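Structure in structure tokens, see below.
Read from first to last, the chains carry the letters A, B, C and D; within each, the first residue is number 1.
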Amino acid sequence: MSRPECQFHLALGSRFENIELVQVVLDESLRRLACDDDTRYWVGIAVREAVANAIKHGNHLDPGKKVEIDLRVEGEDLIISVLDEGNGFDPGRVADPLQPENLLKPDGRGIFYMGKFMDGVEYRFRDGGGTEVTLRKRITSGVAIPERNQEGER
Amino acid sequence: MSRPECQFHLALGSRFENIELVQVVLDESLRRLACDDDTRYWVGIAVREAVANAIKHGNHLDPGKKVEIDLRVEGEDLIISVLDEGNGFDPGRVADPLQPENLLKPDGRGIFYMGKFMDGVEYRFRDGGGTEVTLRKRITSGVAIPERNQEGER
Amino acid sequence: MKIGVRQRQGVTVLEPKGKITIGSGDIALRDSVIEALDSGSRKILINLKDVSTIDSSGIGELVAAYTTVTNRGGKLKLVGLPPKVSDILQITQLVTVFEVMESEEEAVDSF
Amino acid sequence: MKIGVRQRQGVTVLEPKGKITIGSGDIALRDSVIEALDSGSRKILINLKDVSTIDSSGIGELVAAYTTVTNRGGKLKLVGLPPKVSDILQITQLVTVFEVMESEEEAVDSF
């Protein structure tokens, strides 16, 4: 696919309540892509974590700052990216939540969960500000994917 | 409110199925704004009509062309705008579906319904292409509007 | 959207379920009306009780069905209108066009 | 998210319902644990059977609750884990930390 079709692009103010908006539109999209219940659930959790981080660490809960969510299908992969207006961080310095000294910490599990529930998690930091995390999930479940069938790829 | 906060901005490819995505995110937003069931239903129908027109008449069902939906609250008004990439039309020349000669026509009721279910319907045509319809609905139902309460306007 | 079809005392009863909206259900409704006509039925009753949402395209399909059935010498009636479907028909003054019946029994007897 | 609180044989049973996710439910859970401690309870059981979704913040609150209760000389146990809640605890190796019981009866007896 030379021009992958974006399924949806959603922009929201930085409030935790808005995570529910992401959830409903994501769920409806995944349903349409014939994702099974489990996939929908875990992708949903991963996206919630990414959006929560964008709202909290990226935009510091400033409701005037935008979080943008983008969902598209590329080949067999579902790609969801979450963009904030923050200054980024060093993903290499994020602690491993499985280390004994971290096991009882109340936070630090979000990125770890994203990695567990998705097939790929990549951070990109834009010049001049903006953190973008791209989540990737293989969705060849043997189930028909209506979007691609329409384009005659099978 | 000098800088009205956008509740959501959603961009979608021009497929009728995508109307369901608009519906879920709209419904969740209206729920949060404490709109009652009836208001949610009729605003939902009006927005469906606007998006259907954008997909069909504006973008001629080209899935690569975008429809953008924007929801915000200004004062007591809910404002929803729908933008397509089309060449526009002359709203003054749209026939009245209540005229006896139009009563049995299979189409031509969409804009009429928008007008019935909303408090305002306005068309704007951008230079270089793009039709934007802005739907307005008074939502002072005496019910608390959480978004505004948070900003201390009441 | 799914459409149930059954016969009751010589009347074909069509029972659409869910949304009759653009791109989903509008065409299915049209097809099932034409199929009923093609199979010889001239008494067609659409029971709308399980319709959750109808938009202008869905209304347009009801109107088109009415015209098609009438042109082919048949009769089309409606029954089971949920309040919101009734409202939207009313708004475009289509309740005067359609014969809207109170109950399926009454409807079937009236043909 | 709502949290039910009841007493059973000297054990305070907390029953959160719905989502324990960031900005909704995470704080409520914390508050109800502290309230139980403040009112003298040292045996606290969280029954998670009605929890539909938990995210890392919710998990964090469970961990914080565990630490708080332990630090104040109490015991915190979990019961009724839906499969997905169990999975997410497992993934971050927290099933070893929490005492996860099979049934509420067994849990109450075990304190």
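Note that in this section a residue touches a chain if its C-beta (ideal position, glycine included) is under 8 Å from a C-beta of that chain, and two chains touch if they have at least 3 such contacts.
Treat the numbers as computed from the prediction; the structure is a model and nothing was measured.
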| item | value |
| --- | --- |
| Touching both chain B and chain C (chains) | none |
| Number of hops, chain B to chain D, where each hop joins two touching chains | 2 |
| Longest centre-to-centre distance from chain A, chain (CA-based) | C |
| Centroid spacing, where centroids are CA-atom means, of chain C and chain D in whole angstrom | 53 |
| Whole-Å gap separating chain A and chain D, where each centre is the average of the chain's CA atoms | 28 |
| Length of the line joining the C-alpha centres of chain A and chain C, rounded to whole Å | 44 |
| Multi-partner residues of chain B (each touching 2 or more other chains) | 17 |
| Every chain pair in contact, whichever chains are involved | A-B, A-D, B-C |
| Partner chain A, residues of chain B touching it in the complex | 3, 5-13, 17-18, 20-21, 24-25, 27-29, 32, 63-64 |
| Residues of chain B that touch chain C when the two form their complex | 15-17, 19, 41, 44-45, 48-49, 52, 56, 97-98, 103-107, 109-110, 112-113, 116 |
| Chain B contact footprint on chain C (complex, rising order) | 21-24, 53, 55-57, 59-61, 63-64, 66-67, 84, 88, 91-94, 97 |
